[in-house]
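Multiple structures follow.
Common to both upcoming complexes is chain A, partnered first by chain B, then by chain C.
So, the complex of A and B:
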């Protein structure tokens, strides 16, 4: 069933990513980690569907936020991340997906691992945890190209400063802040061992990002002693834009 | 389109298309591969969307679990690659 959402706010997260706030009448409340399908139809009738993760926590007002990274060769993301304006309408289907989700009843340690825009569904989990006043122990390992590519920077900082905080580790792959102890590199076994929950605490792990990133992070988690059934994944593909 | 022609994503991404057919979320259901016998969540299957339609393959042996193709007003669903699917009702 398709619903029509109206764009009520736009906010740039980085030079290439934008958060779109939509008001959707009769929106059935979602769970952190779920996605929506967005359908765009051209004037000639050609229509195309893409999946995007919801970034916001569930709330009472029928509003959802999507953060969309503009992909150079994307068919849909340049429109959503650049041309869309407040007042425009989008067709939406969802919320969708019952596996890559965190529910506020979960009290076990949670390990989140994000590569680039893979942070979006994990941010919805962090926001859901805050809005539910959950004290479930959360850790986030967030791999980004460079400091200015971080999404939700101030809000993540606030989440790591508050009581019952979310512990956050950044890993930079191309350029680091000044005097950063770790040279630019991909997530590796040492970083997993030093910054993620010990596997004997049996954390539930959520890994989001491009397919190759998810593959490698998942393999490292399993090599570190986590059970395959404790690692849930959301691969975006190399295009980051799911058909 | 991706330059990685055979790159897969997670079964999660088929949830929207499957919701057109099933009343409950199939991606959280457990299914058994008819080829190797592995029991996994559908969300863990490898999903290929470059084909005309959607192909889900077993994450263990890459056997085709399910194919879903939309032709005009018809949906073709081929799920013979799964021995069973356990849905939480």
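So, the complex of A and C:
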């Protein structure tokens, strides 16, 4: 069934991405990692639907957050990332998906690997962990083009400072902060070996990002000894936008 | 009509008329998988039809590739809402693979390397509707798209076209596969928009 959410807040994450906070009556709570379908309808009745990961933890308020990266030539994302205003209404269906999720009953080590906007469902898992007061050990390896492309920077920093509960490694592919030890490059075997959980701890791994990123990160995780059945993926590819 | 999105105009194109409701056209070939891409050497590949207890038919790569093949040009529709028109495949018809199988089963579970499963009525695999495809656009099927071979059942949402397929188990009763156990529709007809388990 479709529900109508009302935009209650907007927040720019980066120059090209923003977070939309929606109040949704009768929202059935979600788990970190799930997504929603969003339906836009033009005044002549034309409508189109895209799927977006939920960024927020489940909560009692009937609020959800989506972070939308504006894609060049997109049909929907420029509307959501630029046009949409507080007070506007959006049709939503969900939550959807029962595989790429972290549930608070999970106590094993968790390895999150994000490429670009692939951070969004992983952030929902990190937030779910905090709101459930879980002590499951989390590590995040977050690959971005450049420092200013990081989503949720302050909040990630706070999570990481809080008793080292979530340990975070950034990897930059185009430009690094000043004096950064690793030159700009894609994630590789050495980075996986040095920053992710040893495979003998049998972590559950969640990898989110563009298809080529996910393919290479999962291959590296498996070469590092992680079981295929321990690696869950969410590939964005060029899905979601009309070419 | 649903809630109007203030200021949204959208794009329309003449091809939209050929698409099932809720789909949009893509010209590339997105990849969606729940886990890592398996890489299966051809000398270890096999395809097995069983009834849950006994192996009924079995092929290795060579005997499979000795079977007659079809070329197939079809539109495909992914539940994540992209559709791709006129995709070009080569594969072996399930009619050929099931030809000598005597069964009164009504359902099938397709099984894949990497442990993916998806369920279908057996009649949806017969009558020139389903293939084990090993070539796409004239090239060997890439691993990320399901190679060496994948099921191709284009009249259903594309998650039913199991990548890395390794066999089919015949069943008397329908049983949900991987995505069907995780909130997706048990049958998945794109023309009826049977996306999620609560769609009729």
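One rule holds in what follows: the second predicted complex is superposed on the first by the 236 of 243 C-alpha atoms of A that agree within 3 Å, B and C clash if a C-alpha of one lies under 4 Å from a C-alpha of the other, contacts with A are read in each partner's own complex, and residues count from 1 in each chain.
In the analysis below, a residue touches a chain if its C-beta (ideal position, glycine included) is under 8 Å from a C-beta of that chain, and two chains touch if they have at least 3 such contacts.
Note that the structure is a prediction, hence the values are computed from the model and not measured.
Engineer: For A:98 in the superposed arrangement: first (chain B), second (chain C), both or neither?
Structural biologist: So A:98 meets both chain B and chain C here.
Engineer: Name the contact category of A:215: first (chain B only), second (chain C only), both, or neither.
Structural biologist: second
Engineer: Please indicate which partner A:47 is in contact with in the superposed arrangement: first for chain B, second for chain C, both, or neither.
Structural biologist: After superposition on chain A, A:47 lies in contact with chain C alone.
Engineer: Taking the superposition as given, does A:199 touch the first partner, chain B, the second, chain C, both, or neither?
Structural biologist: It touches nothing on chain B or chain C.
Engineer: With the two complexes superposed on chain A, say which partner A:4 touches: chain B (first), chain C (second), both, or neither.
Structural biologist: second
Engineer: In the superposed model, does chain B or chain C contact more residues of chain A?
Structural biologist: C
Engineer: Name the contact category of A:89: first (chain B only), second (chain C only), both, or neither.
Structural biologist: second
Engineer: In the overlaid three-chain picture, which partner chain does A:67 touch, first (chain B) or second (chain C), both, or neither?
Structural biologist: neither
Engineer: Find the residues of chain A that appear in the contact set with chain B and again in the contact set with chain C.
Structural biologist: 49, 51, 93, 96-100, 211, 232-233, 235, 237-239, 242-243
Engineer: Which residues of chain A touch chain B once you look at their complex with the stated criterion?
Structural biologist: It comes out as residues 35, 37, 49, 51, 73, 93-94, 96-100, 211, 232-239, 242-243.
Engineer: Touching chain A in the complex: which residues of chain B?
Structural biologist: 1-4, 7-13, 15-16, 19, 25, 27-28, 41-44, 49-50
Engineer: What part of chain A is in contact with chain C in the complex they form?
Structural biologist: Listed in rising order, the residues are 1-2, 4, 39-43, 45-51, 75, 79, 83, 85, 88-91, 93, 96-100, 211, 215, 218-219, 221-222, 228-229, 231-233, 235, 237-240, 242-243.
Engineer: Spell out the residues on chain C that touch chain A in their complex, using ranges where they run on.
Structural biologist: Answer in residue numbers: 1-12, 22, 24-28, 30-38, 78, 80-82, 114-115, 144, 178-179, 181-183, 196, 198.
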